[in-house]
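Step one of this worksheet: look at the structure below.
Here the chain labels run A, B, C and D in written order, and each chain numbers its own residues starting at 1.
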Amino acid sequence: MSVRVQQEDFDVGREIAQLRASTRGVGAVASFVGVVRDLNDAAQIRTLTLEHYPGMTEKALERIVVEARQRWDVYDILVIHRVGVLKPSDQIVLVVVTSAHRGEAFAACEFVMDYLKTRAPFWKKEMTPDGERWVEARASDDEAAARW
Amino acid sequence: MSVRVQQEDFDVGREIAQLRASTRGVGAVASFVGVVRDLNDAAQIRTLTLEHYPGMTEKALERIVVEARQRWDVYDILVIHRVGVLKPSDQIVLVVVTSAHRGEAFAACEFVMDYLKTRAPFWKKEMTPDGERWVEARASDDEAAARW
Amino acid sequence: MVRLVYLARLRDAFGTAAESVDLPGNVGNVTALLEWLARRGEPWTHELAPGRAVRVAVNHDIAGPGTPIRSGDEIALFPPVTGG
Amino acid sequence: MVRLVYLARLRDAFGTAAESVDLPGNVGNVTALLEWLARRGEPWTHELAPGRAVRVAVNHDIAGPGTPIRSGDEIALFPPVTGG
């Protein structure tokens, strides 16, 4: 299990390879990459600044991972979330889950993303041609998390 | 949309990067890698030979991708499936889905894998210490595909 | 004349990957073809017995029991798929 | 003495990232703290008005209205999260 909050970009292929190498018996690897979009709510995005709450953020991510491991039979889970100033098409977040079978890997990966979206203290501020604005939380994210 | 059946290994990071680069507006990338396990039904696996039905296999994969694109609002889908002789921890299959939002990406990716498992003509033969055996289809795979 | 293709376990069992055969005039669909092949004796009878899981594709499309078979078709027989 | 931490939109609104304050003896839980802060006047009153979405964490754990507050605690106020 590994949780990282960092400014630096990450290499998806290398992270997947490392997580796979950490356990024998892996048959399924589900992963998710969140990416900065160039448009949000019809506004053009110049930069996206990601803020977090050092200490609490890492703890919240670790709890989400622990809960996923309790719910599904998985080998390992990696979460990397970037902070700082990003631009469109930059990678924001990576979740990788290894397991013996695909059903558990998919479910745990989607669960971690849904919980992260509603429970991990990160906030996005967008710079658009009309100025800066804090991104508002979406009801659809609460609904996605409530499914589990 | 891209479907490939090949003997060669694939580079997950590079394939994801290329699929992402093919469209603007990508906010979510869900992917799945299937891997040769070292144990199956309690037997140690020395090699796994993957056979396909050239012509029909590619067509079946393309149909699955077309159906996924009709059902979910996704940008692009890549499927790579290897054939030939593989060994434990080798990559077998890659599915990558890009979309604006994560729900569609996850659903389409899992759908493609579930349908591939039950509808794409591939067959696995395992070499174990007790000899060769054809892998039997699993009822759980039929159940997974029937959910959609 | 049709082309019969055998894949995976069925190719091993029949000892051949493909053959071209002239079908009798009354063999016009998938069920009739499987019954006709089963009458060849072993290993056909055993492998194509009712209850054995055999899938059939006609010209690369999955076929059902009533799918028609015509001269020139490529008909593949194979076990349930196990890829992915 | 408690440590108050303001994040994201609330830090911008309050013009400060953190402060240390002595709470009156009757401010013993999250609800009482938010009411006490709202009585400071603007921008506190507006940002902490009933119906505004404000989340509170006490010592890095998400807190509810009745979560107790004790001297030495780090209490963070922030809007609903938007990461991922």
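Operating definition for what follows: a residue touches a chain if its C-beta (ideal position, glycine included) is under 8 Å from a C-beta of that chain, and two chains touch if they have at least 3 such contacts.
None of the values given here were measured: they were computed from a predicted structure.
Distances between chain centres, each the mean of the C-alpha atoms, put D farthest from chain B.
Averaged Cα coordinates give chain B a centre that lies 26 Å from the centre of chain C. Remark: chain A and chain B have CA centroids separated by 23 Å (rounded to whole angstrom). Centre to centre, using the average C-alpha position, chain C and chain D are separated by 73 Å.
Each of the following residues of chain B touches two or more other chains: 34, 102, 113.
For chain C, the set of residues touching two or more other chains reads 84.
Checking each pair of chains for touch leaves A-B, A-D, B-C. Taken in their complex, chain B has these residues touching chain C: 34, 50-53, 55-56, 59, 81, 92-93, 113, 116-125, 134-138.
If you check the complex, the residues on chain D that touch chain A are 5, 7-9, 12, 53, 57, 60-62, 76, 78-84. Contacts from chain A toward chain B in the complex involve residues 11-14, 16-17, 20, 24-39, 89, 100, 102-103, 105-106, 109-110, 113, 144.
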